[in-house]
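Dropping a structure here in structure tokens format, bear with me for questions.
Labels A, B, C, D, E and F are assigned to the chains in the order they are written; within every chain, residues are numbered from 1.
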Amino acid sequence: MKLYNVKMLTITCEILAQENIIEILKKHDITGYTTYEVDGNGERGLRGQGFKNEKNVKVEVIMREEKLPDVVEEISRTLFANFAIVLYVSDVGVLRPEKF
Amino acid sequence: MEILELIQSNLLTPIILFFLFGIIAARIKSDLKIPEAISEFLPIYLLAAIGLHGGIEMRNTGFENMLIPMLVAIGLSLLFTLNHYQILRRLGKFNLFDSYALASTYGAVGAVHFSVGLSFLKNQGVTSEGYIAAILAVLEPLAFILAIFMTNMAVSKQIKAKKQSFTDADSTEIDIGLNQTKTKISKVLHESITGKAIVILLGSIVIGYIIGEEGFESIKIVFDDMFTGAIVIFMIEMGIIAGQRLDDIKKVGIFLTAFAIIMPLFNGTIGTLVATALGLSVGGAVMFGLLMASASFIAAPAVLRHAIPQAKPSLYITSALGITFPFNIIVTLPILFTISTFVHNGEGTIDLFNFITKGF
Amino acid sequence: MEILELIQSNLLTPIILFFLFGIIAARIKSDLKIPEAISEFLPIYLLAAIGLHGGIEMRNTGFENMLIPMLVAIGLSLLFTLNHYQILRRLGKFNLFDSYALASTYGAVGAVHFSVGLSFLKNQGVTSEGYIAAILAVLEPLAFILAIFMTNMAVSKQIKAKKQSFTDADSTEIDIGLNQTKTKISKVLHESITGKAIVILLGSIVIGYIIGEEGFESIKIVFDDMFTGAIVIFMIEMGIIAGQRLDDIKKVGIFLTAFAIIMPLFNGTIGTLVATALGLSVGGAVMFGLLMASASFIAAPAVLRHAIPQAKPSLYITSALGITFPFNIIVTLPILFTISTFVHNGEGTIDLFNFITKGF
Amino acid sequence: MEILELIQSNLLTPIILFFLFGIIAARIKSDLKIPEAISEFLPIYLLAAIGLHGGIEMRNTGFENMLIPMLVAIGLSLLFTLNHYQILRRLGKFNLFDSYALASTYGAVGAVHFSVGLSFLKNQGVTSEGYIAAILAVLEPLAFILAIFMTNMAVSKQIKAKKQSFTDADSTEIDIGLNQTKTKISKVLHESITGKAIVILLGSIVIGYIIGEEGFESIKIVFDDMFTGAIVIFMIEMGIIAGQRLDDIKKVGIFLTAFAIIMPLFNGTIGTLVATALGLSVGGAVMFGLLMASASFIAAPAVLRHAIPQAKPSLYITSALGITFPFNIIVTLPILFTISTFVHNGEGTIDLFNFITKGF
Amino acid sequence: MKLYNVKMLTITCEILAQENIIEILKKHDITGYTTYEVDGNGERGLRGQGFKNEKNVKVEVIMREEKLPDVVEEISRTLFANFAIVLYVSDVGVLRPEKF
Amino acid sequence: MKLYNVKMLTITCEILAQENIIEILKKHDITGYTTYEVDGNGERGLRGQGFKNEKNVKVEVIMREEKLPDVVEEISRTLFANFAIVLYVSDVGVLRPEKF
């Protein structure tokens, strides 16, 4: 079993920013991602009560290290100012690096 | 006096009581909550019921007379939105983004308001013109589109101004910025028009028109008889969400609180009078006025968060849901009903029309 | 004989059959499941319906006579809870935590029991006093509060005992422990009282009282006519969950199994007789008895898991839902009805009262 | 001519219109969506209602006459499934897996079809034999079981063939493979039979039979009166999902598109004629025919994805939901009704029977 | 793009212990976290069927390494004995370490 | 606080493959896992709209490094060809390694 090192980018943000993020991914030719709704608390207060639009979403993207800086840069530039958002990067090993 | 009695009797209907109950439940920090799937489904159901009802009415009564009220509603909505902007920006000293977002929140219409209004009229034994549901559908995206357009104009101007003071190297980036702005407008436009509220409402109006009362028979129990019960359940959740937001009202400030009470009352009164002048029935004029008085708190965030992300949702959602909505369904609605009843009895329409145009 | 017939006819109602169906579905490992949002919504709906109904009844019949039955219900509940504890701890040899948790699970009341009871009476064409819904609301947190209080007393004693045998260095930590215990009590108290079940039930009683039958008209189809259908759907899910737990019954053991059958029958009978003695109607005495017989399996875990985390939920949920609930709705309910009918025909109330006090 | 009128009047019922509306909503990329919990709950509800209704009918009319139609339905279903396979594999040149998956998708039956059929008949004022619900339940797993069995036979053969050409070292692995295949069959069988659709349907039939019309009274409003309204809501979601899949129809290809239209029409006609020959009523023959015409798009993926994972769901779901279902409820259903009415008026059953056997 | 190393603490536990965990976090001045409901299996059996209260929840907390030991210690001391719970720590990189 | 290094295996796949994965885990004597439904996009297209069966699920398994290769091998051999699936491995630290 050979595992190849790639990066996992995770973005936790308000649900209404999900579309923006997926567009940014698309712009960088990344079409694979996983999303799910979450609740949370942070600088912009408790999220997850109230209307569905006020929930958070997590977007997880496995990608090669080369693409990471550009994607991260664009997300932070366009979304950090106006949206509740947290972004982090971790290391994962995959079997089929050509998928990403 | 009569108004106070009407307000009181309205206050004691299940719809209002369960809304107040929801607020209390939230304030005492109860874990009571309508599951998300139910509270997401209910607006769809309510809009389908409203639409079917409107469509069937339109089939019965025709919709030739609908054009003028529709155009007047559009005109009033745009006028009100611009008026809100001026008030908020100049008197309220809100920034450009918050001003436009709030202006359009209050220029837009609210489907929950509409549902409560229909129930209120049912309770009073009064009917309204079916085509007002169509007006609701058309007004839905209108104020947003205007606000988005204006905001983007303003932002473009700012960007262009910057452009002239920059070197050529930067100007490509600014061009991209401008282009992005344009794509954004067309995207938000598409999103507004294909938003679930409009789509289900328009679709149901058309279907109601096609099937008529006869075709409606088999689904009447679900889409008519259960209507008020369904609103009651929805109002519990609305109350809970409003209650959770009451703390945020401090952030809203006195100016916006006053705005959130006075503006709807003003817009609603104008709307009711204008509708009466246009020949709408007692109930129709109330619904027309309520549309003008209503503020949007479900559709607004979905559109505005994308269109004007710089605006603070805590301002526009809190004021619309936490202040205006309760005020409207408890106070404005009976007032509009009293006004409408009053001006429909005796007074001539022409005088009224003069009165309104003067009042402007 | 009559009891057997009643049990049989009760067994063949949709509510019981769909419950049994749910059990079977779970046993054959079907993937049948009522979606979570629906099964979370249904208890809220059922409690709202119960509350509205109770409130409207109270408006019709007054609630002056409610005080004595309420106080008696509280007294009986506390007595029963303490009695359960003694039996479980001494005879059953359960540890302190499990004993208190189980004692309060059986001292508490169950809203699903109550719903099924109302439907059963409706089926028999018998009504019951509206204020019993209020008793349900008041009893809800009662047994828990008692059990939590007792448990914390016991734990505090243990901690204090330890304290005396320790050096000063440790005693700060023990003080913190004691303080935490106190905070916990007040927190659990708040949680019990603001728990969604109580809140929606009390709220609906008040609203029902305010709106009366007239105001109820517009929502009657949802909150009355659909009641039994909604229970049926809920019973499918209850059956499925009970069925999934049947394997756990082995863990429950013979003692607790016997307890889970005999205790409710005993409590229920006492309850029915006492209520009759207090002058409640045939149906009212059945509902009163059912309250005493019922065990809590929805509210219990939420409260007990925080209050007595050391107790094993597999014991108290399994016995309450897997054994007591089916037994109560299938067997106890018809028995209580037979007893109530019997003691309401002919026998004098005073004699009865003597009988009960002797029986204690 | 009469058929066209019937198609047109059927087209203008709420059920069909809301389905078409859903398709449009999906095509214009609206975010309209029925929340998952609701759209998962609705099929359970619909099947419970169908089952109860069928069970009550069976109690009224007896079910002695049910055996022959049931056996004939089983025979036809198996025959059709094999026939589909031949057509798809030989003419359509699909691979083994896709052929079996598609064959069984179209050999299986669809509960949504059935619901729409019942509503259609209700609208026409025609009743049908209650036991057809039981036939629906029995047919549900049938075509899948056949297809799984055949697929596994085929795969086993391939594996055995390989086995003979390998060294001993590998053969253990192949033995394991064969064993796994067998376990898989028994697992899939269990899954099919305990699948939620069958379980709720059979359970409700039995309960309906036990409680009869009298016992049904208290839940009639939920499980009968609301039926069509509930279908309407479900049809919105079905329309949306079908609409989202329309792009995939290109992948389906011309051959399968033709198959998805012609085959159901053919099967349905045969079914209606055979049922008439067997003495079923006008409505019963339509429902029987519709069962034969229907394709499964909810149960199919759940079973086939495990049973024949190599088959492409985009083929069988898309053709069944995107092509066959709309065609069946819009066109096939009125055609079957016309045929059934026609052959029930005047023509002798024996002649018909000759006609059918010839037509085979 | 500079990423700063911080720790991600993940707690998977029964839903009724969520409040306890969030209180512990609060006690240690941590207000940022993300939660979502999950199903699971473990020593205390299958969780996620039955009543909602019998589901699990995942609580994810990005925090500085300094705070980790105390938080982990308190969670394990107060909750490990009586609740179905699993806790693990991983490394993540973030852009704005001052947020945590 | 001593953390022990173990592996976290995450499988994101279509919901109908969940059972297969849990069986494979069981075959390798692994009974602890966490699951939750997610949406996603990948080679096999957008998943999460439409019927519930067309959603994805994430299965997370904390396990010792020794068991990893066999489990990963069996999953990739039996499921990669026919199912929408992504699998990755990361490092986590746990307090009670004996649990896994």
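FYI, a residue touches a chain if its C-beta (ideal position, glycine included) is under 8 Å from a C-beta of that chain, and two chains touch if they have at least 3 such contacts.
Being a predicted model, the structure only gives us computed values, none of them experimental.
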Two candidates, E-F and D-F; the one with more touching C-beta pairs is E-F
Averaged over CA atoms, how far is the centre of chain E from the centre of chain F? Could you give it in whole Å? 20
Any idea how many Å lie between the Cα centroids of chain C and chain E? 34
Nearest whole angstrom, what separates the Cα centre of chain B from the Cα centre of chain D? 44
So which bits of chain E are touching at least two other chains? 36, 90-91
Chain C, residues touching no fewer than two other chains: 35-38, 40, 221
Got a list of which chains touch which? A-B, A-E, A-F, B-C, B-D, C-D, C-E, D-F, E-F
Chain D to chain B touching residues, read off their complex: 12-14, 17-18, 21, 24-25, 28-38, 119, 122-123, 221, 225-226, 228-230, 232-233, 236
Quick one: in the complex, what on chain A touches chain B? 14, 16-17, 19-20, 49-54, 81-83
Which residues, counting only chain F, touch chain A once they are in their complex? 10, 12, 36-43, 48, 56, 58, 68-69, 72-73, 76, 80, 86-91
Which part of chain C faces chain B closely enough to touch in the complex? 35-38, 40-41, 44-45, 190-191, 194-196, 199-200, 203, 206-207, 210-211, 215-216, 218-219, 221-223
Inside the complex, what are the residues of chain D that reach chain F? 36, 40, 241, 244-245, 298, 301-302, 305-306, 309-310, 313, 317
